[in-house]
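Each of the two complexes below includes subunit A, the first together with subunit B, the second together with subunit C.
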Partner chain A sequence: MTATATPLGGRPSARTLRARASVGLVAAVLVTVVLVPLLFPLDEQAVDMANKLQAPSLTHPFGTDDVGRDVLLRCVYGLRVSLLVGVVAALAATFIGTAVGAAAGAAGGRTDRLVMRVVDVFSSVPHLLLGIFIVAMFRPGVWPVVISVGLTHWLSTARIVRAEVLSLRSRPFIDAAVSGGASRWRVGVRHLLPGVLPQAGLAAVLMVPHAIWHESALSFLGLGLPTHKASLGNMIQDARGTLLAGDWWPTLFPGLFIIVPTLAIAGLAGVWRERINPRRRSELML
Partner chain B sequence: MRDGGRRRLAAPVARLVGRRLLASVPVLAAVTFGVFAVAAASPFDPVQQYAGSAGLSASQETLDQLRQNLGVDGPFPVRWWDWLTGALSGDLGDSTALRQPVADVIGERLGWSVLLCAAGFAFALLAGTVLGVAAARRRGGMLDRVVTSVSYTLEAAPPFWLGLLGIWFFALQLGVLPAGGLTDTGSDTVTAGSLLRHLALPALVLGISQVPWFLLYVRQGVADALEEDAVRGARARGLAERTVLLGHALRSGLLPVLTLVGSRVPELITGALLVETVFSWPGIASATVEAATATDFPLLAALTTLATVAVLAGNLLSDLLYGLADPRVALEEM
Partner chain C sequence: MNAPSSEPSSAHPPEPSATPSPEPSATPPSALELRGITAGYERGAPVLREVSLTVGAGEAVGLLGPSGCGKSTLARVAALLHRPYAGTVLLDGEPARGWRHRAPRAQRTSVGVVFQQPRLAADPRLTLAALIAEPLRATGRKDEAGERTAELAESVGLGGELLTRRPHEVSDGQLQRACVARALVLGPRLLICDEMTAMLDASTTAALVAVVEEYRARSGAALLAVGHDRTLLERWCDRTVEHAAVQAPTTGKDATGTDATAAATGTDAGAQVGGAPVRSGRRAPADTSAG
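== the complex of A and B ==
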């Protein structure tokens, strides 16, 4: 039985509906960020003062900002940049976390204890603060942001992968492989790695919203992507003056563009979690 | 009996605190060393920063002299050690952006941050408990579904965005609360009334960003507790629903969550970094952001260390509460 099966026929359960909704939303987000830039190119330097600060209407569904740029189009571009930074940073974090966690779990003993102490040291500095510090020292830009998010988010993956490797190590099939003469490397790559990949993959998916969140927080603080770049955090930062004049739309919509993909990805991860671990009925987790 | 119990607890608590203080020494040493290592690896040069545009025309000799005067001529492990020994005697260096000793910056601003975090966290605990219990009473009901959906949405929402929407609504539309700062325009004195009005909105936003976590835990804990035998027994004895809910289910459902409170320090610091910046709150977190924007290394190094100390203290508090709340846990083993 799969997680999306309908119990005893009839109407789909709330869980099934939620699964379908999150899969549909994630698909819609991906299609949007890929297709829209192909159809509607954005000139990041262009301004249109004649149309500045127009309230949402049919021609500009999300209104225009203080220099007349369409908020909807910039939101889509911003989401694209945030997603790209988020995915790359999440992949980097997952790679570091899987490598460190697998190495610690497979080596065991003193190496394991030492590595886990390092993980403890990293986790005793708040992530955003560490990210701010790294970006501050290396000047804001796309790569410092990716590096700072990647370097601060591998800890949970490392813990998960290590625990998984430790539990796999004591299973009979590993003993069988070892007594069959498999090398340490072969046991690691052929037997341990496939076992931890589903967990690591799930951690990577759940990492993407975190990475987006951090990227937009850094950009909002002026420590993220270059200010002319349409990123969701930059847009909210740019709109601060506009907001104080009472015009809410340049602030509201970029925020919604952070929330909706986050919920969709979290929902998707929930479905995935139930599939790889069907006994534990989980709820949406962020 | 009671006194005896307390005395039996005092020694293990003291030993746990002592062990943690010892364990925090290598952690703090590693964090500060890491901070200096990152700075050494970065393109940032304190001499160029100090000299500004004059550095472009200055002779190499002058620059070397300046490097020596600033105490940044040695390799970074030496500078780290100098900083560490200085820090232990209370000298954290001078902030380059705020042009005053780092220790003074912390002294002036720490209190405001603690006040903001305490007020926000108190709100989160109160709202989380009330809404969590209300949602747990009938799981899957209308109220439960609304409360949980709003929680997930709020958890995904960036606090700075919530803060801006709060300013728009409360300060601009309703005009009931100030948009930021600590004092009214044209006034420098902090009175209790103006402090409360300026504190309300930032604390509310910081609190709201912490509510979902707490609420979902309370909801889970109370809902599980409602299915325990003790609760079924209380119901069977005909106790009022109110007594069952607040006396039995809330007590056993809330306790495990309360012990996790200390472990929320990192999230609280993250929230404060964003909320203080949005509301121009004169706390330590907004100083951190200013320091980062101006690449003020002495201030950043001190504040990163301070945050680490706060996180370690929070973890210790969590473990202490956990050990004290649950008699099955031996403090000796933590």
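== the complex of A and C ==
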């Protein structure tokens, strides 16, 4: 999955570099979140007040937090949870969005208009507000967060998929399928859906950073994962008080762990997007 | 492709036709009957106004008209793919009972359609073999697919390796061959060819017309060939009809019986098409309005 060709003899283009950087970073993140928990187990309840708020050093490269826990290890565990939530929630959102969008596009007419107005209504409410409303109905945990993200983030995918289906639907090969005796279901599954899957897949990857941010935001607000769990949002929330005292490491590193992997994933999606359709580069902005 | 025909169509004077239809007339119901079809994409401005047209059982009718006059819409209405605002479609004497998916499957599949642009009419994700077999699979006759596909592929002249390719890996002519095979795979009683050869060269045109004629000779199916190539249609079909003549005048006056009075310029019919070179001189002078 190394990217586009380099200009003859010269240095790799900016696009190539971005692609390589994205691929490398995402690979590094995946290796880290898989390997580190195998090598270094984390006791989520353990505190070590003697070593609290130590600055980064060789034993604690990212320092320790206000109850003496290693920030690096908690960052890795937090990232693991965030990625898991992000991927699962993005898949859920994409599934819902594809189903709704494809159904609306394939049905057309009044159904289409009705469904898309519902989508508009949901879009007019801020994601986070709706997400908070949803998590507030459950006990804190991973699944409420996944549900919250899944139920609030399918709208843009539904729009993209509907537009694709509408454009595919009017092509003569659909006429040919109808004339060949294909049922509605078969036209949808055999001819329309495969046509929108690349776009839906791309939307899913672009959704992962959103989902991670959403999860972190909910955790930061104390509505996401249980507070003792290592989650990037929880860590920043916990360390908020110490920041004013000049202890920058317990907030900075979790922040970087949110920003860098999500940007890498977004970069990866960008590479994919350019490959699907170079001319549409600007249409699907993050 | 736009080279002026060396043989203007006036060389084919509309002589009274003594064409023997493959089947005796009158007794079997017409393969296709359109009565007062008004259709289009905007209610206020229909593309077709009260079109009436009959294709007898086993008959080959050519529908001539300039581009953009609604021929393709007419073909889609006849294939039950487009719901007209008014009028009746009868297939084998039976009125159409719905459009698109609402049409009963048996009625829908009794019409085979070949579209103008094979590129657009072929699902880009299917191999040519899958493309040809698709109607069989869609109608639950999967077990016949392999055998029928091989048989039809051979008759349209597609070799083994080509069948494993996808539409973007073959030429327009090869793809249109596959589309013709697809249209024939369910054994339709009526074949509608909407500008089937408009994008093809002369030899492919001849080959595809021969395939269609061979199928018709075997099955007795009727044909509605739509196009603006007068020379081709006059040679191919039992009779040709001008699009303008089957349609009501703009004033909306009575249009019944237009089909009968239409320029039924039956020429030397099906007999010579079989394997004979079909001239594909485009746009005879009489047809310059084609645009």
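We adopt the following convention: the second predicted complex is superposed on the first by the 272 of 286 C-alpha atoms of A that agree within 3 Å, B and C clash if a C-alpha of one lies under 4 Å from a C-alpha of the other, contacts with A are read in each partner's own complex, and residues count from 1 in each chain.
Basically, a contact is a pair of C-beta atoms (placed from the backbone, for glycine too) under 8 Å apart; a residue touches a chain by one contact, two chains touch by 3 or more.
Since this is a predicted model, take the numbers as computed values, not measurements.
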Quick check on the subunit A-based superposition: subunit B and subunit C, clash or fit?
fit
Does the superposition put A:Pro172 against subunit B (first), subunit C (second), both, or neither?
second
Under the stated touch criterion, which partner chain does A:Ala182 make contact with: subunit B (first), subunit C (second), both, or neither?
second
Going by the contact rule set out at the top, does A:Arg240 touch subunit B (first), subunit C (second), both, or neither?
first
I want to verify one number. Taking the Cα centroids, what angle sits at subunit A between subunit B and subunit C, in steps of 10 degrees?
100
On subunit A, which partner's contacts cover more residues, subunit B's or subunit C's?
B
In the superposed arrangement, does A:Leu58 touch subunit B (first), subunit C (second), both or neither?
neither
Just to be sure I read the superposition right, which of the two partners does A:Gly222 touch: subunit B = first, subunit C = second, or both, or neither?
first
Quick check for you: in the superposed arrangement, does A:Leu38 touch first (subunit B), second (subunit C), both or neither?
neither
After the superposition, what is the least C-alpha distance between subunit B and subunit C in whole angstrom?
19
Hey, which residues of subunit A end up touching subunit B in the complex?
117-118, 120-121, 124-130, 132-139, 209, 213, 216-217, 220-223, 233, 236, 239-240, 243-244, 246, 248, 251-252, 254-255, 258-259, 262-263, 266, 283-284, 286
Interfacial residue positions of subunit A with respect to subunit C in the complex
171-173, 175-184, 186-187, 190-191, 194-195
Show me the residue ranges of subunit C that touch subunit A in the complex, using the header's touch definition.
76, 79-81, 100-101, 105, 108-109, 111-113, 115-117, 120-125, 134-135, 138-139, 179, 182, 185-186
Which stretch or stretches of subunit B touch subunit A in the complex?
26-27, 30-31, 34-35, 38-39, 42-44, 148, 152-153, 155-158, 160-161, 164-165, 167-168, 172, 179, 265-267, 269-270, 273-274, 277, 288-289, 291-293, 295, 297, 300, 303-304, 307-308, 311-312, 315
